[in-house]
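Letters A, B, C and D mark the chains in the order given here, with residues in each chain numbered from 1 onward.
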Amino acid sequence: MRRLYAILIAAGFVYMMLSFLGVVPGYGNIDLCSRVSSSFLLKDVSEQNAKNWLMAKGLETKSIEKVYGEKNKEDGCANVVTSIVVNYRSFDTLGEVTVLFTAALGVGLILGGTRRKKYGLLPNFVFRESTRILVPLIILFGAYIFVHGHLTPGGGFPGGTIIAAAALLLYLADEEFFLSKVSTGALEGSMGGLYVIAGLLGLAIGGYFLYNFLPTGRVGNLISSGIVPIVYTFIGLKVGAELSGLITDLHSEEG
Amino acid sequence: MSVFITALVLWLLLTNFSYSELIVGILVSIAVAGVFKEYHGIKFDGKLPIRLVLYIFVYLPVFIVEMIKANIDVAARVLNPKLPLNPGFVKVKTALKSPMARLFLANSITLTPGTLTLEGKEDAFYIHWIDVKTLEKKEEAISGRFEGILKGVFE
Amino acid sequence: MSWNEMLGQILMVVGGFFYFLGGLGMIRMPDVYNRLQAGTKATTLGTFSTVLGVGIAYPPFLIKSLIIIAFVALTNPVGSSVLARASYLAGVKPAPITKVDEYKGGESS
Amino acid sequence: MITAFFVLVAAGVILSFIRILLGPTSSDRVAALDTMNVMLIGTITVIALILKRGIYLDIALVYGLLSYLETVVISRYMEGRK
């Protein structure tokens, strides 16, 4: 009976995969690469490319400012979601970071101890050594994700989560490793404070909270879109420190 | 220092090259190397280029040939209707000392025909072997091909 | 279709065949250690072949494909090794045809 | 040819999925899940090739990292439970 159920569910899975085959277009038949946002994402925003795109759509090449110029003027983000999350609705993001901070604080109050919980078994040798190689590279990858948050999908929250994943890997691989609570607390507190200070600087310079006061630059470069990458760096470090502290709390015991 | 160089190379591979990327990459790599001043397993010295050349031109071809042989082996076993298996857990001694060389040896053992590393102790690996032929010559049959090469590359 | 796309697609189909072998090994092998053997080897070579095929068929992806290959080569054997040791220590019995056992109930501490 | 790839991968994924549903012990299930995850990494890169989006390669890398973490966490949990 169990096998029958298994085969039935697998047949449903087959049907799902086959229906997916119809959705995927054939090789070379896709038109996505001529979309504007795609050329922003691939950092190929030269004017010649824009002209080619407009010619292909049958539009006049005079409207090139309409496609590229305005976006460049306003916020300079290639990624629309980032420009909404960190530029237009940045106060909302500050609130979200505060919610996460409160959750981490609650877990720390309830579960926080000063000693590390031991598994009682040494981890596998292969796992120990490979973790020692992997962890710095994983943290670098997390930094890559949140520094490039305004160019590619990603940003502070996924980057911070990847940093916390590296911390979890360290806890699993090393019996002695214990992240000191002072360092994570100091990092998260200072990053949250810097976020608010960036907002207050915007208030002082531009007249309202979290004003984008730096020049926006050219879309597609790394140094563009004003304070957005800086704020995303703050958010990424803060979320990474918070989630690492949460993992530390879950790994510690009283006494 | 070695962490810094590795991190910077990985950063430049991940991004398209420009000067601002280079500057930010240097900053991030300094931060990562500062955090992992003590806890890391990436260490190398001035002989790195020789080792890299040796690694690419001596180790990798042997490794890839062994991997393709492993897969043909697995395919033959899986597609055979009689399923010829004779599994067992064996202990294999090794002479390698540096952790990196032993890590690569363990991974090579896992990816070559019919063997899977379970655990490494001070001087030995415990291995699940899918087809135990003999118990005397097991070192030569399992790890002999790689051990000399890795000793030359890493030590 | 140029030669590199052709080569890339051939590599991809070879990789898909190894993926299929991995799935078949998962079904046919008698116990968890043999299953891990089949699964790990077949999927690692399948991923090498597929991702290298993608990199060859479209050269702008080549560098990131190599990074993915290095990552999979470093993590996949480690993962299966950890899982094999864990299932041994958790008391999963090997299949009855297993003759030799020099690991003896996990003499690690 | 891409269609042939998808058919082969679908067959492999379905076989390991049946193993997830049947598996007598939980380590069988985790092994099958690990195999399936690696297959999906390859599939994501092929989809990146079809749609010509470099972003999906990053997604494949993150997916690989998370699947590795999942395998390791479940393994350590099973070890400690004994």
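Throughout what follows, contacts are C-beta pairs under 8 Å (C-beta built on N, C-alpha and C of every residue); 3 or more make two chains touch, one makes a residue touch a chain.
Since we're looking at a predicted model, the values are computed, not measured.
A.B. asks: What chains do chain C and chain D have as common neighbours?
C.D. replies: Per touch definition, common to chain C and chain D: A.
A.B. asks: When the centre of a chain is set as the mean of its C-alpha atoms, what distance in Å lies between chain B and chain D?
C.D. replies: 22
A.B. asks: In whole angstrom, what separates the CA-based centres of chain A and chain C?
C.D. replies: 29
A.B. asks: Measure off the straight-line distance from the CA centroid of chain A to the CA centroid of chain D, and report it in whole Å.
C.D. replies: 22
A.B. asks: Whole-Å distance, chain A centre to chain B centre, using C-alpha means?
C.D. replies: The mean C-alpha positions of chain A and chain B differ by 31 Å.
A.B. asks: In chain C, which residues are in touch with two or more of the other chains?
C.D. replies: In chain C, 9, 21, 24, 36, 40, 44, 64, 67, 74-75, 77-78, 80-82, 85, 89, 108 touch at least two other chains.
A.B. asks: What positions in chain B touch 2 or more of the other chains?
C.D. replies: 10, 14, 106-107, 117, 119, 121
A.B. asks: Considering chain A alone, which of its residues make contact with at least two other chains?
C.D. replies: Each of 27, 121, 123-124, 126-127, 130, 133, 141 in chain A touches at least two other chains.
A.B. asks: What's the complete list of touching chain pairs for this entry?
C.D. replies: Contacting pairs: A-B, A-C, A-D, B-C, C-D.
A.B. asks: Which stretch or stretches of chain C touch chain A in the complex?
C.D. replies: That would be residues 9, 74-75, 77-78, 81-82, 85, 89, 108-109 of chain C.
A.B. asks: Would you mind writing out the residues of chain D in touch with chain A in their complex?
C.D. replies: Chain D residues touching chain A: 1-3, 6, 10, 13-14, 17-18, 21-22, 47, 50-55, 58, 61-62, 65-66, 69, 72-73, 76, 79-80.
A.B. asks: Where on chain C does chain B make contact in their complex?
C.D. replies: For chain C paired with chain B, touching residues are 18, 21, 24-25, 28-31, 33-34, 36-38, 40-42, 44-45, 48, 63-64, 66-67, 73-74, 77-78, 80-81, 84-85, 88, 94-95, 97-103, 106, 108.
A.B. asks: Over in the complex, which chain C residues touch chain D? Could you list them?
C.D. replies: Per the touch definition, chain C meets chain D at residues 8-10, 12-13, 15-17, 19-24, 26-27, 32, 35-36, 39-40, 43-44, 46-47, 50-51, 54, 57-58, 60-61, 64-65, 67-68, 71-72, 75-76, 78-80, 82-83, 85-87, 89-92.
A.B. asks: Which of the residues in chain B end up touching chain A in this complex?
C.D. replies: Contact set of chain B toward chain A: 3, 6-7, 10-11, 14-16, 18, 20-21, 24, 28-29, 31-33, 35-36, 39-42, 99-100, 102-103, 106-107, 117, 119-121.
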